[in-house]
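Down below are the structures I want you to see.
Below are two complexes that have chain A in common, paired first with chain B and then with chain C.
Entry: the complex of A and B
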């Protein structure tokens, strides 16, 4: 008996421990912040510096890991013969790299904010270590989200990413809007987490495995069988829906998007910036893994009905985001809706992600397009939110009116904002166009012309509300005096604008080339070469659903 | 200098010189320096573009469209190239684009000179931004004319959008915001259709194994030509060629502008400052016609044949409707704007009939309009600078107080009217000749109705001259100073060209008809 228990404990070997290095990097940063606070005293400056160092170190670990897991392979933690709990493949490394890069940028933004705004920075500085522990904690959760295909780990990762996020949204305790936003976020998150847990428990109950790839294969067998009763099919749909709800919440896909505008408006601007990109990128990464795992086997037997569903979700998310942005007067809220819309664009890639044949060398255009999009999106949002933050710190308002006359009052910030805004629209010669163009090409290639039309129509809608900010900056001038912004902040947004311009024309080819090379090494996502082939899963031959659901 | 600029890279210099000027403008210390840099850059660009003359003057158009000997000053590099997917930076000149490049550099130069009195404008601020955007716009226009890769063409096409939006929206008249956003939305809508066509064409060409955005290949590669124009090729449920043709046509029609996509034009013109109106009328409208000639017709001749009737009818509506609208205007600038709509109708009609006479007429009309229309807008600007209003009915007897200006104005408006001996006449008569001879049963009636447009044009322009320049001298205009040396300089260059093109049209035809013949040859092959 004891022996059996001892055997069931599983000790990872050193190789696997090293393989998940990027995750250790982020976890170590948290520990370092806590230890530094204990040893050196509670200093926000120290915490922020440690965060930046930790993020940079983790990014470096990612770079060193990339060659080790190149060529469609992964490394990571898996119980002997079981499905992987944590896997680090190129896909995960790319996302963790982006998250770390963004973490460093957001921390930089925080430092600028702390140096400019005396009133708020007092509270900021006092609770600095807590803030950064939470911030890095959510980054850690997001890193987990993109490095697993195990249902249990998915729940843990999403909670790890969400719980600190709830806290940092409401971090300004005395700010009522922030508190309300935080509460909304918690309630919404709790409900979707419950839905997801429910869906996952159903899936586990049906198939007796937690591995998404395995479940994908079993679901497709089940659905393909002619004797599967309609009730069983409906139950599977309910289970998958529950799973999607949890992830849809993270990427704020319609109809799980209601929290997004309120939270983005209520949270301090660094947190909003953080959530608008990192949370979405991680959610998308996870979603794409699941979509690829579930849809790919399904696509072989069916005429991809689920792909159409994903496409519909993407189209609706995109349209709702853009239409709801029209009447907004707060730039933060407008950008929140814009981020919903962009989640929609990126989700469009989800509709065709299953199309590359597993194991083939054919680059998956959807993956390549998505990688390009996320990278460009990161800089567009960094720039747009960065400019909004600088204007907010200088004028105390984040309404569109605060941007009036910015073209005269602070020409460089206005120029950077203009570049970001029109890049978000998707106009050449900015990076946003290249990203959108490449995505649309992939959609077009898969004959989803209607989705291309939806995306382009949405671009036209979005032109109107993005240009309202440009309008305020250049066409409307209420004669307020010019203001100066911190040099470091100006450098940050201008750097973002320059990257957008570079990705638009000169290095567009390089970016797309790298993304393609990368995407071609991605498939199959969960191929394991550093570990032994998995044993036959316990539920290889599942009891037919019909038999199980019978009373 | 001469070794740096060679025949291989001269087009790059011409396209990107304004961009270098843009950077210099932003760095210039004061307003005067900005103006000098702006005008200097446009002048240098113009001088450089004169170096492009020899092959076209020597009639080196090659034997067929798009062959190596028919494209001059070509330059190509891989740009976004991954495996089979290949977007090139490919530029080159033939008889279609060359006159347009000259027109662009000249108009930009004259419009930059017209910006010299920036300090007197209603919105007198941000001169650095103004000239920077102006020069960026020039790069966009030149790039669009020389691009031979569809993707590159599209990028340059869109690069024009933002500068124009800001130039109208910041430095425009009272309703500038409305005009700017309307211009932006209309054009963007059109370019989205072009983008869809771009994607569809790329994938359709990939189906036959040619992964390219090369516009010349699209027109001349037999396999692509076959699949693009076959009856059986489908796009969604429509005939592929026709669907592409219609999407591209709408995209270009917004720029031309063709009825019913023209409503942005009067607003944009009325609100834009004078030099921007000159650019808008002189060059931007031509991009629509150029796009039709460069992309729609060589690549989809079958669809062009199917759509000929509809296009000719739209051209006819433009001619008559534009002229009638012009007649009804009381705002000087709005009248000139509607006259553009009417004149561009001839361009569309000439293109629609798909004969070499028609094409030559359309090209000539574009160039003639590119001279006469900026001249008219500049004439309006001159009087507006003094009177600060544009109500036609409030003017009168201006010729008496401003004799030099009055004479040049009459010349400009007569050129626009199409008086024999001036440039407008040749374009119109060539189009009408072509329409009369066109191999379509409906062509003769259309030509006859279109000919009546000339009468309407004469009507509104003569009436305009009568109301503004003739009649008794009004007290409030009697003290106006006559046209300054700067104004006379701009007007006399355009006036001289109007006379030159009207009297010796063959010198203009000579620069382009070889390429137009080659395009027409494509239709019969």
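Entry: the complex of A and C
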């Protein structure tokens, strides 16, 4: 009888266990750090090396997975008939790959900081295993965020990404600013989490399913129908707003951005770098999945309230971020507001709903544009924060004054910083221009001309405050002596600058094509009810050639 | 005559009375610890209502998480942050007016929404099989992955909390 019970139980099959390989990689890294601390003693060096190995290994698993999921997405890890818990598709693989590469870069940055004996690294050095368990834990949460469309998993993933982040922001327990930043982050996160859980419980109560795709279809029919009572429409809006609050917090969209400048200023610079990119990338990945599910069924009507709402949020976020960056004197704070502004640019992509022609697999151009933007943004921020970190470790200050005369004192770092800054503005020879160009083209094609105007105006605003740093570096020399920076640190920021230059021109055409390929899976998944379809999806050509052409 | 048919309303009104009385108590009392105690009555009364609906597991969770955990957290929060545990609220006129307005608007909106929606209602709860067993089955089958992810989450959070709480030497 026991055997009969055991047989009646659902167990994940081997395929499913293999398919979520990248997640095993990150979870395994956490276990390895804890076990190594038990066996080899508490050593920050060992933990950081394990983190780099784990991140690289996970990135490698993503690479080996990519061809396997190139033809068809996989969704599952639930008994037959249940809604899939985890998805493994090109989109998820790409984001996990980016998160892992970035995790390795941030750990590298941490190692440089530790070698310069910066004041901040003391706590990190003494408590290495804890720091890296928390860092990898938040990476694991972000990887989960981009690989699910189940509301329960979304809550867990966002908490998994957030809770360790609160702890690493306040990791220097003796530092008042860090403690204050951490507390603000926790309180803000708790409120938005509560809003999100409330919204999700409303959606679940209303529709009786946790599957975002299913809910998206139901929401769109309810919103489109004329006989839906106003109260129901209000309830759907409240629920969607709650869901968006949770994600808006992660990407620091206005009005959920108040934590961002304080946290970026209070946290040590490696943590700031990590949060500025990884947390945003994961949040945007999740947002795209939800928007693909909820907005796609509304594609018949280009002019719909949901799209307009997202567009308004994007425009406000972008403008507030850029305007608030004006008076900043701390480069960390300035980059924090810049990251809010960039969240706004990226959020604009969320407003684009694309009417796919019947029977075609053409991806929404917004998704391809956003993927290019996120890749370029990753390197721009890595470079900008990397340079700021090197200057901070050498001079002990992160104010704009610390950058004075950098063009003479450390020409290579100044050059790398200049590339990153002008790429952040979106000026032509750099990757930032290409990213913004595709985004604006996608907006233009979707008749969101006013949003194009907002983005262009904001780029002009932003030129002013980014050039203040460039001005300090080249035209405001105060005669302080030159300094040398660790060779590995120099290599890291120069590599970031070179990637920005490369994405700027020669390989950009290839980049958007690849991005299109990665984005093409979003819609088939959004349109899918069960996960029995991969074979059917594999049969047809995944991306028609026309879809690859750049806009 | 079935004992349930006349006992059920009595028990319902008993618990509902406890919930309402305590809720009003929370609003009216000026003493923060007393408010926490009234909150215990509200949360416990809601747990009683869950028991009445045969939602045994939900009732147990309500008692453990809210009446147990959250309440202890509130009391600890008060004890740790205020100079004296006998802090008294003294809301100003304008604060009271603002709170009343927000409360009324929220209540009106919720009342309109809740009455305006056709909620899906399950069959009579007593006819359903035991919830604990169902939840157990769901946790280890349909929700196995969230269950495991939650355990990783707890591990990481525990490490973080232990680090933050440990005195630096």
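Rule of thumb we're sticking to: the second predicted complex is superposed on the first by the 491 of 551 C-alpha atoms of A that agree within 3 Å, B and C clash if a C-alpha of one lies under 4 Å from a C-alpha of the other, contacts with A are read in each partner's own complex, and residues count from 1 in each chain.
Following the convention adopted for this analysis, a residue touches a chain if its C-beta (ideal position, glycine included) is under 8 Å from a C-beta of that chain, and two chains touch if they have at least 3 such contacts.
Note that the structure is predicted; figures quoted are calculated from it, not measured.
Looking at the shared chain after the overlay, A:18 reaches neither chain B nor chain C. Set against each other, chain B and chain C differ in how many residues of chain A they touch, and the higher count belongs to C.
By the touch criterion defined above, A:197 reaches neither chain B nor chain C.
In the superposition on chain A, A:53 makes contact with neither chain B nor chain C. In the superposition on chain A, A:498 contacts neither chain B nor chain C. By the touch criterion defined above, A:316 lies against neither chain B nor chain C after alignment on the C-alpha atoms of chain A. Of the two partner chains, chain C is the only one that A:153 touches; chain B does not reach it. In the superposed model, A:234 lies in contact with chain C only, and not with chain B. Contacts of A:183 after superposition on the shared chain: neither chain B nor chain C is touched.
Applying the stated touch rule to the two superposed structures, the chain B and chain C interfaces on chain A have no residue in common.
On chain C, the positions that touch chain A within their shared complex are 109, 112-113, 116-117, 119-120, 140-146, 149-150, 152-153, 155-157, 159-164, 168. Chain B contributes residues 78-83, 87, 125-126, 129, 154-155, 158-159, 161-162, 165-166, 169-170, 176-177, 180-181, 184-185, 188-189, 192, 195-196, 199-200, 202-203, 236 to its touches with chain A in the complex. By the touch criterion given at the top, residues 363, 407-408, 411, 422, 427-429, 433, 437, 440-441, 444-445, 449, 452-453, 456-457, 459-460, 463-464, 467, 471, 474-476, 505, 508-509, 512-513, 516 of chain A touch chain B in their complex.
Per the touch definition, chain A reaches chain C in the complex via residues 9-10, 12, 27, 30, 34, 77-79, 82, 85-86, 127, 130, 133-134, 137, 140-141, 144, 150, 152-153, 156-157, 159-160, 163-164, 166-167, 170-171, 173-174, 205-206, 208, 229-232, 234-235.
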